[in-house]
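Next come two complexes, and both contain chain A; in the first it sits with chain B, in the second with chain C.
Take a look at the complex of A and B:
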């Protein structure tokens, strides 16, 4: 298929949009791993809870309320999860963490299926986000008629804002400073009288909250069915690995890279299905710690 | 002493009471021998779980209870339970199926019971589950499934083990084409019949000068559906702009839809089923494809295989006006459909899906074939099903074609209803055309394959 400028632009937009949803999920994953050292395979299930909550509130009470309610609720779920289950596994091997979080993911998935059924639930996009953007009106180099769904562009903007906010929180606030210090040496921080455990609980809640934001805006894109969580978990986990375990910048970079790769290989199904694994293998061969992975993490 | 004496006495006469009894029963057996051998010449030979021992016969219902097709599976299971109820107590289509030897007293006088399994919409899981039913639960027949890949996998296994497999929802040409088996039977229609029925309606609605782009689920059914749609739309004068195979687990189709936008196609054909179709159609609507013009014409979306559950998942605003085909619909007015809809609705509170219909009918057809053959012996039951012609099961006069075990029957061209046109929460699709069996009939030789022997190797 020859690639015209229009086709190229559409593929770039699609890559960005695919990357955005990956980044939003991988961000929570890598944040939790980077600070708590926990491989949270239940993160896809947190996204699943978010989309089901979002679609229920959206279809009954409107999108505004979904946006106000879902992320804080996910934060609370995250905190409860950390206090009730995850904290008991901090000192256990990674395999134990993977097993318990994976098991939890399956339980949550089946529970949601039991409550809502296995079929898709249509997610009505609010009127202000519905419709298409005439890209040729904004990008003069395009020829003729090029359109893209408005909601997917909004998703890209939401991803950019969320990533910026997380970076700002970690690098511009005292809370972020303590967290980053805790990532380096939690023991030393405790010697200095900082209650790092309470902050870790907040970080887990934050990770879940980002899944909540992803669910509210990503639901109409990924659709609302019980399999979605697991389907997104594998690429998102690989993105964390490619980006470098625990590296936020790496996750963003890898997310966009995978999104672009999937978009540009779409016409070639057999490459399209393996491209993410192909990239993972190549990057891990060249850079075993991932794109921006730090020395000593998960080693 | 007395006993010994009397024995001696009897020996002298040559006949004891026991001898007389033995002689009488031997005589009776000998007298019945000619009949016994003409009807039950096969009786000594064990195949699969034949002979059926005891007063009950067990059927195996292997449906997806988890995974993407779980809702279809749940409806299939409801239909199977209803079929068992009707087989044991009468009612339902037992009153409309013709010709029928079903009495409402089980099958061949044995009470019908069942076991269920979960295919998980996964070939390995479905085989494991079917094998468990056959080996542990001693089922005489297996039925179910909501995917062609799964149906074909189970069909091969059952054929090998000498167990008849009555396919549930499977629409790939391969099921009764290249992968057909002597022990496998399909009541549902197939992709070829969809292409044949739908394409003339499409060219009538949208014109003959159209260019189609296909997005296709990357497995047996998707491939044959795409081939059939391309073949028959091209016969109507359409051309094909492209086809992309999409992985079955895709939920976001934007990467593929971008390719459609880049092409010069003015029709998008979604060869997707279940959750796959729901997602691709919803995505296409988000891309503005239902309000778009290409080549000076409205861009149209076609969904070759439709179901009410899919329509519900996609939402009626998104399917409004979209054309496709179905095997059966609860709005049909014939006697068989009506009685099935009524009994199903009375039992469960809502009307059945096409998956439920085909599974219900398959169970009754198997039971009836056993009654006609007068035995559960699989080769005789198979022969009773082969070239069996019947009515009263909801699709007009139907032939269970002997050469490929495919039912040849009327199929429906359906169109999505707008939200305002719906009359109930189950009313998503309207019947545009009932295409008769003769129109969708085809030569089974075009798909190749061999049924194999009646007695498994």
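Take a look at the complex of A and C:
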């Protein structure tokens, strides 16, 4: 592989940027799976709600308001969904949970298609995020003139901040301690008198809120059309599987891994289209529990 | 009970299905169904009956059965185009190809529990979808789909109109009969035991993986036959045959009708295609939204689908007073 340092750096950046979107979607998925044990087929549809809300508010009232409004709204939608629908399914078989969230995904997707149409809606990037970054000014080892779209770099930063915030919440607060305990053994926690149900509600809301953040910043990159939700859901599922079901660190690691793999195979179109599946199969054969998956969890 | 050779008792459902299916050209147009839609319904009856052997018996929810449907459809199309316009070799090769793929995917995915399995089957189907769109474009026709097939022939018989309908319907009746046989057999019992309690089954010394793989491959064969017949019915293969929409459709049909009953999923297939093609005239673009809502309502309130609904109605109106 003959690759200049410049091309290599750009591939790294693209990999990070692709990985950022995947990580933001997969983080919510794996958080919800790890705590509630629910595989949320409607998570792509939550992202879809986020990008449509974001594009509407952004194009009418500006990006600042979209950023303030969309994530909290998604949190509320998540809480309502958990209370109204998902919580009825904790005692039902896993397949029923998949079915109901799949049905929800169809309903949400078709509803948004009905309201906003099937075509892509252009997402106007705010002035401060528009344009390009001169990478060679920051990275002295680059030769000559190397540029990268500014918005995509912002997306990477947002992903890093979000991931850090989630980790801080889980590892530095009492709420996080309870959630992590719940991920390990929900039953034991209930024996100890902890009201786990309320936390479940909050976790589902949090997962939806992360999808909201992803939508606000990812919308301009992934486009805004009804197919986007499902297109992102499949790779995000695989990232959750590769990382280890329910492992947050695993989701981050796998998300970046897949982003990089897609970025570096971009010149080889045949490999590029199936690389994510190839990696999944290899991981599945070599390490069935995923990169950072806990032993015995859905192995 | 198995020795008791009560022909009527065992084959009541099959005979009833045959009666309903074969008379379809007489009553279906009255309901507003156009000619050809009945053939499509029969094709999907085959698909969902096979799917029920996996989902209904073993409880494994596959989100990737479009892979077998689509692969078989593509192979059938390519065979008709470049080998012979006779459908028999085309269908045989197509089903064989899909079966080989099913064995490989089955071995890889069935290592996992239910949730993993759903995600991984979805991923494999998506992989074939993207392969059909990129590296296999030369053979599949990519975005445009596979076209230019000759009129399919059953030896000297042109496969058009009513001929296709009766050919497909006889296949559907035969395959439904086979599914019923599997359900009654010891193998079927093992499959159902997997759904009930796999761990306990394994404790009795039985190799559950063998039966899971068998159920998976049988359901894939049904899907493949349906895929091949789809090309005989309409000489075109698009990549949406492989997409998650297609897999999802089969899941919806099965669940709406009633998983695990064999008859239910066929009712579901009939309902969904009728809904999609006839009732959608009034609903317009939003038919899928309405269908999604119906699907969700069924999952939440009536997990047994139409069959549970029918059973409930029967219980309410046909139980005698002393039954209480």
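By definition in this document, the second predicted complex is superposed on the first by the 297 of 299 C-alpha atoms of A that agree within 3 Å, B and C clash if a C-alpha of one lies under 4 Å from a C-alpha of the other, contacts with A are read in each partner's own complex, and residues count from 1 in each chain.
The working rule: contacts are C-beta pairs under 8 Å (C-beta built on N, C-alpha and C of every residue); 3 or more make two chains touch, one makes a residue touch a chain.
Nothing here was measured: the structure is a model prediction, and the numbers come from that model.
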Looking at the overlay, does A:156 come into contact with chain B only (first), chain C only (second), both, or neither? neither
Touch test for A:55: chain B only (first), chain C only (second), both, or neither? neither
Using the touch definition from the top, say if A:95 reaches chain B (first), chain C (second), both or neither. second
Given the touch rule stated above, what does A:106 touch, chain B (first), chain C (second), both, or neither? second
In the overlay, answer first, second, both or neither for which of chain B and chain C A:122 touches. first
Could you look at A:269 and tell me whether it touches chain B, chain C, both or neither (first, second, both, neither)? both
Return first, second, both or neither, reflecting whether A:245 touches chain B, chain C, both chains, or no partner chain. second
So, A:131: does it touch chain B (first), chain C (second), both, or neither? first
Applying the document's definition of touch, where does A:281 land relative to chain B and chain C: first, second, both, or neither? second
Please write out, lowest number first, the residues of chain A touched by both chain B and chain C across the two complexes. 110, 113, 269, 273
Complex contact set, residues of chain A against chain B: 1, 4, 6-7, 10-11, 13-14, 17-18, 21, 110, 113, 117-122, 124-125, 131-132, 146-149, 151-152, 220-223, 225, 227-228, 231, 262-263, 266-267, 269, 272-273
The residues of chain B that touch chain A in their complex are 66-71, 218, 242, 244-247, 249, 251-252, 254-256, 258-259, 261-262, 275, 278-279, 282-283, 286-288, 292, 309, 312-315, 318
Quick check: in the complex, which residue numbers of chain A touch chain C? 39, 85, 88, 92-96, 98-100, 102-104, 106-107, 110-111, 113-114, 230, 234, 237-238, 240-241, 245, 269-270, 273-274, 277, 280-281, 284-285, 288, 298
In the complex with chain A, residue positions of chain C that touch it: 55, 59, 61, 63, 108, 111-116, 118-120, 122-124, 126-127, 130-131, 133-135, 244, 248, 251-252, 255, 285-286, 288-289, 291-293, 295-296, 299-300, 303
